[in-house]
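Two complexes come next, and they have one chain in common, subunit A, joined by subunit B in the first and subunit C in the second.
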Partner chain A sequence: MSGIDLINVVKRFGALTVIDGVDLAIAEGEFVVFVGPSGCGKSTLLRMIAGLEEISDGELRIAGSRMNETPPAKRNIAMVFQSYALYPHMNVERNLGFALETARLPAAEIRERVTKAAKFLKIDHLLDRRPAQLSGGQQQRVAIGRALVRQQKLFLFDEPLSNLDADLRMEMRVEIARIHREVKATTVYVTHDQMEAMTLADRIVVLKDGRIAQVGTPMELYERPANRFVAGFIGSPRMNFLPGMLVREGEESVLSLAGGRHRLSAHDYAGDVSLGIRPEDLILGGGDATLEAEVLLVEPLGGESLVHLNVGDGRSIVAKAQGRPEIRPGATTVVGWNHTRAHLFDKDERALNPRGA
Partner chain B sequence: MATGAIRIGLNAKRARTAWLFLAPSLLVLFAVALWPLGRTFLFSFTDAFLTEPDIYAYIGLENYFTLFEDALWWQSVRNTLYFTVVSVSIETALGLAIALLLNAHMSGRGFMRAVILIPWSIPVVVSARMWQWMLHDQFGILNHVLKLMGVIDHGIAWTANPDLVMPVIIAVDVWITTPFMVLLILAGLQMLPKSIYEAASIDGVSEWRQFTALTLPLLAPSIAVAVLFRLLDALRMFDLSFVLSSNSDDTKTVSIYAREVLVNFQDMGVGSAASAAIFLMIAVVTAIYVTVFRLNRKLLGV
Partner chain C sequence: MVRSATGRRLHRIAIYGLFAVVALYTLFPFYWMIASSLKSGQAIFDVTFLPDLKFNNYEAILSDGVFLRSLLNSLIVAASVVALSLGLAIAAAYALGRIDFRGRSPIMFLFLAVSMFPQIALLSGLFEMIRWLGLYNTLGSLIFAYMIFTLPFNIWVLTTFMRSLPRQIEEAAIMDGCSPLRIVRCIFLPMMGPALISTGLLAFIASWNEFLFALTFILTDENRTVPVAIALISGSSRYEFPYGAIMAASTIVTVPLIVMALLFQKYIVSGLTAGAVKG
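Then we have the complex of A and B:
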C-alpha cells in the first residue's frame, strides 16, 4: 500500500539542476538506502519525498496516488533530519511526545509510547533535559525516537547515525534493522556509511550528480557494478583500477596491461579499458593472471592486512591479505587475480561483459 | 588541584583585564549618570530654588509630602502608566504581526524592511510637529480627508478634545515606535532554526500551533527585551505629549510634571523629589517586569 514511485523526478534551484530525472520504484515495506558522494542530492531527494522541497518536474506517488501537491503532514511519514531539528525549548520527553500531543492522543498512550521509545533508545535517563544539554549522539537518538513514536507507514532517515561512536552506531544499526523487521514500514535511508548501506538495505540506490548511477541489492552492486563509479564507491578499501587495452584476436579478446597480456573470453568491445579488481580479490603470489609488483607498505589491521603495491608506472594498488604476510617493504612479489573476479570498464566507464554473459 | 589553580588564575586574570577595559566607561557613566542622580536625590531633601541653587537647607521628607499631596502628580502618574501600558501593548502586538509578515517569504521584503524604518528614523519632535499639523482642526489633512469622504462635516479638534488627546498621542507613538518593535522581533525571528518548522510540518502540527508552541516561546526572550526597552522609554515619555498638548492635564506625564515644577515654578526641592520618584517608579516597574519574566520562563521551562 505505501510504496513510493518516483517518475522522472527533477529538482532545480534556479538554474542549478540538483536532481536530474530520477526514476525509482520502492515497494511497500522495502528498505532502500541512498548513497553517494557529498552534494550528490541524497538529502534533496529525500526532502522531495517528504514534501519539504517542491518537485520541479516529474511525479511522486505514495501508495499509488500523486503526492506532488500534498502537504508534508498529509503524506503520513516520519522523518529523522540530518540536523536533528529538535525543539530547543522543550525537554526530551516533550520533544518525543509533541507530535502525539498535537494529534490529540490520550495522555496515557503518549506516555507509554514515549517511555518505550526512550528506553529502547537508551535516553530514558535524559527525559528532563533540553536538547542543548545533550551530546550530539544523544540528540540524534532523540530525533530517531521522535520519528519512532509516530508509528507511520513510511520512514525517512537522513544520516541518522552519523554522530554516534562506532559501538553505538553498530548497536543502532542492528536496532533499526530490527524495527524494520517488526514494523515493516517502507524506509528510505540516506547514509555515507558503506557498512550501514550493505547491512540494512534491501536495495541500494547509488546517486551521482543528481542521477541514479545504479540500483540493486547490496550483493548485486558489489558483484556486478554497472559502471566504474559504482565499482569505486561500493566496497572498502575501494576497487583498484589499472588502465589497459582490449583487442580482439579471433575467438578471444586480449587485455594488454603495463605488466603483460592476458587472454580473456570474447568481448564485443575493443579499445581503451580499465581493469578493476577489489583488494580482497587480489592474491599474493598467484591467480589466473599475474603482475610483478614491489611492496610499498604493509598495514596490519589485526585479522587481515592491507598490502600496498607498486605495479610499475608509479601505479599503486592495494591488496587485502589474510593474517600478516611475511613480506617487507621494498621486496618484489607477484600479485594475481582470477578472471572471474575482475571487472572491465570501457572508456565511457560502463561495465563490460563477455559476449553472451 | 593544579589545573584548578591554573583555571582560577586564568579567570582572575581575565576578570582583571575586563575591569581594566570597563574602567573608562564606568568613569564616564559615573560622571554623567550617577553623579547627577545622586545630586537629584540630595536636592530632593532640601528647600533649594533654581534661582539660588547654592543656598539651601535640609528639610527631610517634606518635598515628598508636598509631591504626594498634589493631585496633579498622581494624575500624571496615572497618565504615564496608562500611556505606557496601552501604547506598549499595541506596539508589541502590531510589531509582532508585521515582523511575522516580513519574515514570511515574499518579494520585496528587503524594501519593506527599509521603508518601515522611516517613522523611527525621524526625530520625535519633528514627527510630533508633523502630526500636529496633520491633526490641525482647520488646516489638517486628516480632517480634510474625513470631510471629503463625508464622515464628518466639522473639523475635529483632535488635540484639544480631552477625550481624544490621549488616544491621539498613543496613536502617534504607535506610528513612531512600532518599527523599532518590528526590527527587534524580526531579528529574533530570523534566529529561529528553520528545520524545526519542517519537522513540525511533517509531524502534522498546524501553522497556528507552530506559532503558539514553537514561535512564541522561542521568541519570548526577544519580545521581552524589546518590551523592556519600550517600557523604559514610555515611562519617561516627554516630547510627544509636550509638543502635541503641552498644557493639558489629561496627557501630562511625570516627566512633564517634573519639568514644570523645576522650570516653571523654579522649585528645585519638589522638582528633584519628583525626578527621584520617577526614577524609583521606573526601577520598581523594571524589577517587577524582570522578576515576572524570569518566573514565567522557569514555569514554562523556556
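Then we have the complex of A and C:
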C-alpha cells in the first residue's frame, strides 16, 4: 500500500492562496502527471507531498497514514529535481550512495545497490566522474539513479526534463516510462509540457490557479475535456475556438457562428458559447458543417501540414492536414468539421453535452 | 577596437608603463625592507639599491628567544582566530542565509555596522571586558578582540556565498535524509571551499598584522605577538636604533603571508567574487 491521498489540501503564502482545496486519490503503482501553466501550483503541490512545503490546511495521507507533520526523510519518498541538484563535489558513485550513507547502511550493500542502479540506468562507466564532467542527459540519469537506489515505493519528479534539449527529452521520456514499468513505484510527475503528460501518464491532473481543472486518463482529457481551459491545454497545436450563439429550436439546438447556422441535437443550454475544434479534426473542403476561409499560411511539417486560416472578423484557426495540401496563401477555401468531433463550452467555459449524452 | 599599428604599439607602451609605475609604487617598500635587512652595520645608512647579502641581521633575530616566542604567539593567535571565526561564521551564515526568520536583515546590518567602528573607539570598553573576563595579558585576550573585526566580515561573505548555493541541492539532501548539521558538514562546507579559504586567509592576515590591541592587552614580553615585538626591538645601547634587525624581523614575518597568498590566490578571487554575481 503506497497510494497517496490528498484531502482538501490548501497552501497559503501569507494572504496568497496557492493551492485552493485539492482532493485527489492516487492509487498504488499509478503514474500521475500534474500539468498546468506556470504558476498553477503544480510544483507547490508536489513539494507538499514531498514535505518541502508545509500544508496549510487539509490532509495528506501516504499509504493510509497522515503525513502532514512527518519530516520529508521519513515519508519514504524519492525525488528528482528540475536542476538535478547533484552534489557537485562528489563523484557519481557517492552521489548515488549518499542517501544510503546517511542512513548508515553497510558499505557492501551501498556498493551493491549503487552498482545495480548504475547498470540499470547505463551510467556504470561514469561512476568516477564528477557531475560537472557529465552531459545534461547523464546528469539526469544520475539524478534518477539517486532516487532509484533508495528503493522507495514513491517517486516524485519535478519537471525533470525541462533542462534538456528536444532529442534527449524524448530519450529520457522513454527511459522514465521504462523505469516506471520495471520498478512499479507510485509516481507523481510535474511538467508544463502536455506532450510529456500525454505520453507518460496513467492519469493526468490538470491544475489551474491552484485548483484541479480535470483529472482523467490522457485520452479522456483529449476526447472529453471538462472545460475550455483543459481543452486548450491538452493537444498540440491548441484547439481552435470560435464564438457563437446556441439557440433552442424545438427538438434541436441551433448554433450560429460568424460563418453560418448549424443544426445540432438538443442541448439544455442556450446563450453564448464557444465552439472548440482541434486542428486535426478540421477537414479542408468538407465535413458536417463548413465555413468559408482565406488561407493565411501553410506550414509543411513533412508528413502533415498546418494550415492557418482566416475565418472572418480577423479570427484565425489552424487546421492540420495530411501531406501537403495544394493550396496557396491568399486563396479562399472551405473548411469543415463533423459535429461529433466538435466541443461546445458555455459562457462559464464548462463543456456542454447534448441532452441525454 | 580597431587601431593602426603605431597606435597599437603606443597603447601597449602606455599600459606597460602604467603597470611599471604601479608595481614600483607597491613593491618598492618591500624591496627596500628586504634589501636593508641584508645589509650589516653602518652599510644600512648608505643609499645603495643593491643588497650586500649579509645575513647577520637574520642570525641575530633568529637567535633571539623573545622574537621566536612572539612568532609562535602570533601563529597561535592567528590560527585560533581563523578556526573560531570560521566555525562561528559558518553556523551564522547557515542561519542567516538559509533559514527564514524575522529580523534577518537588521542583524546583517548590525554586523556591518559593528565592523565600521574604528578600533581605537572600542579600545577602552574592550579593555574593561577583557579585564573582567580575566583575559588580560593572555593570548586569549587577542583572540577575543580579533573576532570583533574578523567575524562580521566572515559572516557577511559566507552568508552571501551560502545564499548563492542552489536551494534544490539542500532540498535534495533533505530528501536524502540529512540533518541540518549533516547538510552543512557534507554538502555546504565542501562547496564553500573557496569562500572559506579566502575569508580564513583574510582573517589570518588581519590577526597576524594587528598592532593596537596587541600592544594594549599584552603586558609581558613572553605573550607578545610579532608586530609589537618588532616595534619593541631595541639596540645594544639606547642611542642605537637597530634598523637591520627590525627589517630582518619584518621580512621574516611577511614571508608566510606572501607564500599563503600565492598558494591560495585563485581561491581568494573566486571566493570573494562568488555570490557577487548571480549565476
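Here is the rule we use: the second predicted complex is superposed on the first by the 341 of 357 C-alpha atoms of A that agree within 3 Å, B and C clash if a C-alpha of one lies under 4 Å from a C-alpha of the other, contacts with A are read in each partner's own complex, and residues count from 1 in each chain.
By our rule, a contact is a pair of C-beta atoms (placed from the backbone, for glycine too) under 8 Å apart; a residue touches a chain by one contact, two chains touch by 3 or more.
Keep in mind that this is a model prediction, so the values were computed, not measured.
Upon superposition of the two complexes on subunit A, a steric clash is found between subunit B and subunit C. When the two complexes are overlaid on their common chain A, residue A:N91 makes contact with subunit B while staying clear of subunit C.
Contact with both subunit B and subunit C is seen for A:A73 once the two complexes are overlaid on the shared chain. In the superposed model, A:A50 makes contact with both subunit B and subunit C. Shared-chain residue A:T102: touches subunit B and subunit C both. Which of subunit B and subunit C touches more residues of subunit A: that partner is B.
In the superposed model, A:S83 lies in contact with both subunit B and subunit C.
On subunit A, the surface touched by subunit B in one complex and the surface touched by subunit C in the other have residues 50, 52, 72-73, 77-79, 81, 83, 85-89, 98-99, 102-103, 146, 150 in common. Those residues of subunit A whose C-beta lies close enough to touch subunit B in the complex are 50-52, 71-73, 75, 77-79, 81, 83-91, 98-99, 102-103, 130, 146, 150. The touching residues of subunit B, counted against subunit A in their complex, run 193, 195-196, 198-206, 209, 213-214, 217-218, 300-302.
By the touch criterion stated above, subunit C contacts subunit A in their complex at residues 166, 168-169, 171-178, 182, 186-187, 190-191, 193. In the complex of the two chains, the subunit A residues touching subunit C come out as 50, 52, 72-73, 77-79, 81-83, 85-89, 98-99, 102-103, 146, 150.
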